[in-house]
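Sharing a structure below in structure tokens format, with a few things to ask.
As written, the chain order gives the labels A, B, C and D, with residue 1 at the start of each chain.
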Amino acid sequence: MKKNCVRYLILIVMGLIILAPFFYAVIVSFESAEDTLAFPPVFVPGEIYIKSYLEAFRTAPLVIFIINSFVVSLSVTVGQVITCSLAGYAFAFLEFPFKKVLFIIFLSTMMIPAESIIIPNYFTIRSLGWLDSYQGLAVPFMASAFGTFLLRQYFQTLPREIYDAARIDGCGRLRFFLTMVLPLSKPAIATLAVYAFLTTYNQYMWPLLITNTDGMRTVQIGLAMLQWDQGISWNTTMAGIVIVSLPTVILLIAGQKQLVKGLTAGSVKG
Amino acid sequence: MQKKSLWKRIAGLLLLGVMVMSITGCGDSSNEAGKGKEPTKIVFWYAVGGKVGEATKTLVKEFNDMHPDIKVEAVFQGDYDSAINKLKQSIASKSTPNVMQVYDIGTRFMIDSKAVVPVQKWIDKENFDTSSYEKNILAYYTVDNKLYSMPFNTSTPLLYYNKDMFKAAGLDPDNPPKTFEEVAADAQKLTQRDSSGKVTRPGMAMAIYGWFFEQFLAEQNAQYANNGNGRDAMATAVSFNSPQGEKVLNWWADMVKNGSAVNMGRKTEDTMKAFVSGQTAMTIDSTGVLGDIMDGVNGKFEVGTGFMPHPEGSANGGVIIGGASLWMLSGHSDAEEKASWEFIKFMTAPKQQAFWHIKTGYFPVTTAAYDDDELKKYDAKYPQFKIAIEQLHNTPINRSTQGGLLGVFTQARQEIENAIEHVLAGQASSQDALQKAADTVNDAVARYNSSVEK
Amino acid sequence: MATINFYQVNKEFGDYTAVAPFELTVKTGEFLVLVGPSGCGKTTILRMLAGLESPTKGQIFLDGDDITELEPKNRDIAMVFQNYALYPHMTVYNNMAYALKLRKFNKKSIADAVNKAAAMLDLQDLLARYPRQLSGGQQQRVALGRAIVRQPKVFLMDEPLSNLDAKLRVQTRTRLIQLHKKLKATIVYVTHDQIEAMTMGTRIVLMKKGVIQQVGEPIELYQKPVNRFVAAFMGTPPMQFLNGEISRKGNNNIFQNENCRLILQGECQFIGRACIGIRPEDLELCSVEQSCSISGVITIIENIGAESIVHFNVGDGQLAMKLTGMGTVLREGEIITVRPINLVHVFDETTGNSVARLCPLCSSPDNH
Amino acid sequence: MYLIPSLSLFIVFIFYPLLKSIKLSIFNSDLVGRETTFAGFSYYSEMLNSSQFLHSLLVTLLFTFYTVVPGILIALFLACMVNSELKGIAIFRTIFAFPLSIAVAGASMIFMMLFNPSSGVFNYFLQLIHLPAVFWLSDAHWALLSVAIISIWRSVGFNTIVLLSGLQAIPEQIYESARIDGAVSWRQFIDITLPLLSPTLFFVCIVSVINALQTFGEINILTQGGPMEATNVIVYSIYREAFFNTNFGYASAESVVLFLLILICTLFEFCFLEKKVFYR
């Protein structure tokens, strides 16, 4: 029992350390400009000051941005689930020439710095006429080496015999994929989905580059707009961060269990 | 058989996906439909967010309301750097905006990009009277006797000081230091130390900002680059590695060394916060943040402003204006160009500039704005701003105060900041650091010039 | 009707030969057991038959049709896997119905087939459950049921009992034998357990390192092993061997080494270094040394109730003897004297091939 | 066939641009990045001879070291802590995963506030324990570490989740058998947990290294490579050369080198570490 107490204590302390920055951001977002500049820092705002939130919403059309971010992130998530599960399936179950080479090529895409290919990509998107559109924001990210890798690892843990059994039962490859692999891999797919969503939601450079109107902008650019105001006080910026982070925080809390399960199941033998 | 039906289902799904995408994707284009007496649509890229962005949007809206035949679509493009990068992409893909806000040091690049229409073209065409515009401000954006872009948001640096602390230190709160030497002496007096001699409150906090260095050069009537600061001909080398440049760095480093000034890094926000929260007595910052500082201080102490200091004995110097101007991009129809010009005129007209000044703290670019009643009220409220105007008007127009033109100014500024950091950290002498920076920048200048000539 | 012919089938993985070229015919209604130690290639044969692997060379015929390149689903076979390979996300019912669904059977006939199979396997109460809610034995039955529902020409079973506990294994063995009788189906069954092979198989294929050693009815393999490997593999406790020399003396054959000398009756062409094999049940105690007796030091006595197995050393060789009845007066460390009865198998020491099956001849008068 | 969607996307949006980068790196370019004249390998030789590039390389490696090692150690510790069936443990798992949900920009701005030299919380705490204030981002000795702190904070969530999943995959019986064999808890950790966790650790290692080598957001927002180039990692240098210094060829050459660097690191990890990884 004493051991548990110690463990709880450590957990609580570590938890607080990890949460502290964001908690503080929440506090500051409710402080008046004066409080945010005070030294020593104010940890309990004298009064709840919500003007920063109004200001944040006024400075950037955050609601539109959030909707955009959701549309884009969801499309990317769905796209990645489709492409990655297909590719992962091929790498895990099928035999074809150059499989190993192709797999290494897939993995190597993880290593290409995004900044170094952003300009050619911009031209590709422009020549497709996809500037300032959801397609332009989403399509380039619909394939992911990480996702493919993750799903392949998971698929490999599915008992090989199931594949054999299904083939004998008369199941084609595609049908096996749809009726067996996908339902059996829900945790891993959920993991990929959460991960894909979070990363897309947090993109900055790309949306900035290819969008031209507020109607297409995503939340991270909203943050950049708010950053201008930090000149004198933190509260508006922090309010913006809190608003923008809210959807992902909720998603994480909802998806965390799946996330652990998905990654865990990936290494436990079915 | 079975396989086929499955395929059909998949194809159906995919089709559905595409449809959903195209529907959502096209959602916004619907309001563009319907031709006929459509207003001329022009695109305006701006690069200021927050409160300044708000004011910009308000002005654009006002313009659209007043000009039913023109529709300006204002698009925020991130900060100045992001915006100019975006412009580079759009030039290469021939999808430039009609009007764009570009920062001061992007001037050379804009000209060299060959993608702009000098506003001079329309000034000449309409015989537009620019006499009411601030001479010093126009001077910056005038290259080869052509006004390339219309100044829009303009600022200069100021010395901000805490009058209460001045009083407490036995200094005259109405007589801020004017020279490097005075600043150093006053900073020393304003610095508080604890019993062990550790500094608890430095007298001065100055961000490592290349712009300040440029100002200090201009204050000494020294040029940043050769060929008349790059204004007589394309600059082929920088000239900031001069005795004047060293003087600036030495003065700065000495103060940091003896503890009377603090190095808080490159961000002016940090020094401003230190000043506002009473952790330093003096700072240098843009006129553009005067409003913010007054709001932040909120009467806790009295804020004083003073001219940018200069070394004793230097003459004929002054401040260089900073900020951004409005550029017209080429490759658009005459109607659009005309509309753009109307928009630019509107944005820099006295009434709008007065509003702009009140909302943002930037200078009105036109002296006519000072007749505005609202502005008068505002300046009465913030007498500190008068100093800024005085400083501007006291500045003689010469090659030094016009500011340097350099295609690689961003890089140069960064190299300077790097050099300052080295000197303040005591890792290099002023001379060596500046020389090294100059060498790097000169290489870049050579490369830039060669890529422009082609 | 389901006859399977393997024609010159072999399988290589890279330069490793999993199955050497072989020919084999599986007759209709046969319960053919492929048996052998792990890595002998038996599973590979099964998988080739199922279509999960394709042979490197050769052809496989089912009822005269070449099915070598056919997709598994088109072969009309069903397979039961070692770990059952149940679909974890489907109920028992759906597991069993799946193959029929894919074959577009109507709902009613699927339900009929599943219920019939479920009844046969006592699975009626479990149809709505998921595999994870079942015990190992139940899962095994579901796997069987899944195969039965299909009414395939051939059942393939890959060590289906090896994940069950001993008791259940015996029960299921019986069940399988009954099923085979009831369904009159052709079954190809892979196991490494010779008891399963002996008890269930109508014919046995014994393999070693990708090569078929012997094909025949269980009793044939037991009584007439073609080589030392087969002899040692079939039967528990296994046959034991002594090395020595075979010579001829009159009509009799003499087997001799430093520790014993046996006179053996019967025809034997072989002379020279040999190895004799005696099954533990073909030895009996004898009180005195006789012309055909063998003596050795008891090392271990395994007492399993109804019988006990006595292991003893003869020089550097080892023999075992089965004694019926409870307990024994023998003690470990004692010297034991035994004599062979019934059969003594003689193998060429170098090739290991069977060269003769001889009867021991005992000269002693107290021979009963 | 199943690879077509992924592969086509990769080709269009990754390989084609990569080739383009390589092409750019051997051409001179104009102000807006269009290739003009052939430059051969001059950019490469210029780069390899430049002390600034070598400095960047060093900074990048240092930064990778600063973030990967503590990041994984902390995550390992946290994962061990939450790998139990204690009541309410799910809450802690969520808490530890929390930083995953904060965007780079958001996290950087929050830390910018915490690091603030005059009113920042960190310096306040230092003052409370009577330590001198630190100029987290403007002192060349601290800046890289400060940025690393944010990176660690941001990556710890993901690493913890992944490691936790690895820990949960280790069968309880193995621990029981180790206990019977007389292994005390830290011995168990060294002898059982680490080897059995090695595939997961390996994965985390690779992903962390790749991420560390590509860190950009924090640096762009907080330090812009300064002070005194102390945080000028290669990715940032690429960005600066390409977007500010209109030196596309040089930037492309740098990104090709970075790509090779990551490739080598990964291959190295694959070849060298994988041998030591215990696979079930």
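Quick note on the criterion: a residue touches a chain if its C-beta (ideal position, glycine included) is under 8 Å from a C-beta of that chain, and two chains touch if they have at least 3 such contacts.
Not measured: the values here are computed from a predicted model.
Which chains are joined by the largest number of contacting C-beta pairs?
After counting contacts between each pair of chains, the winner is A-D.
Going by C-alpha centroids, which chain is farthest from subunit B? Tell me that one.
Centroid comparison gives C as the farthest chain from subunit B.
What whole-number Å value describes the gap between the mean CA coordinates of subunit B and subunit D?
Here the centre of subunit D sits 34 Å away from the centre of subunit B.
If you average the CA atoms of subunit A and of subunit D, how many Å lie between those two points?
It comes to 16 Å between the two C-alpha centres.
Using the average of all C-alpha atoms in each chain as its centre, how far is it in Å between subunit A and subunit C?
So the centroids are 56 Å from each other.
Please output the residue numbers of subunit A that touch at least 2 other chains, ranges allowed.
Each of 37-39, 119, 172, 175, 224, 227, 230 in subunit A touches at least two other chains.
Return the residues of subunit C touching two or more other chains; collapse runs of consecutive numbers into ranges.
Correct list: 102.
Touching at least two other chains at once: which residues of subunit B meet that condition?
2, 85, 89, 92, 273, 277, 279
In the complex formed with subunit A, which residues of subunit B make contact?
Residues of subunit B touching subunit A: 2-3, 6-7, 17, 21, 24-25, 28, 43, 48-54, 73, 75-79, 82, 85-86, 89, 92-93, 95, 269, 272-273, 276-277, 279, 289, 292-293, 295-296, 298.
Looking at the complex, which residues from subunit A come into contact with subunit C?
Contacts found on subunit A: 159, 161-162, 164-172, 175, 180, 183-184, 270.
Which residues of subunit D touch subunit A in their complex?
Subunit D reaches subunit A through residues 1-3, 5-7, 9-10, 12-18, 20-21, 33, 78, 81-82, 84, 86, 89-90, 92-107, 109-111, 113-114, 118-121, 124, 127, 153, 156-157, 161-162, 164-166, 168-169, 199-200, 207, 210, 213-214, 216-217, 235, 238-239, 242, 248, 251-252, 255-256, 258-259, 262-263, 266, 280.
Okay, in this complex, where on subunit D does subunit B touch?
So the residues of subunit D touching subunit B come out as 28-34, 36-37, 52, 116-119, 132, 135, 137-138, 140, 223-229, 240, 243-247.
Quick one: in the complex, what on subunit A touches subunit D?
4, 7-8, 10-11, 14-15, 18-19, 21-22, 24-25, 28, 36-41, 82-84, 86-87, 89-90, 94, 102, 105-121, 124, 139-143, 145-146, 148, 177, 198, 201-202, 204, 220, 223-224, 227, 230, 234, 237-238, 241, 244-245, 248-249, 251-253, 256-257, 259-260, 262-264, 266-269
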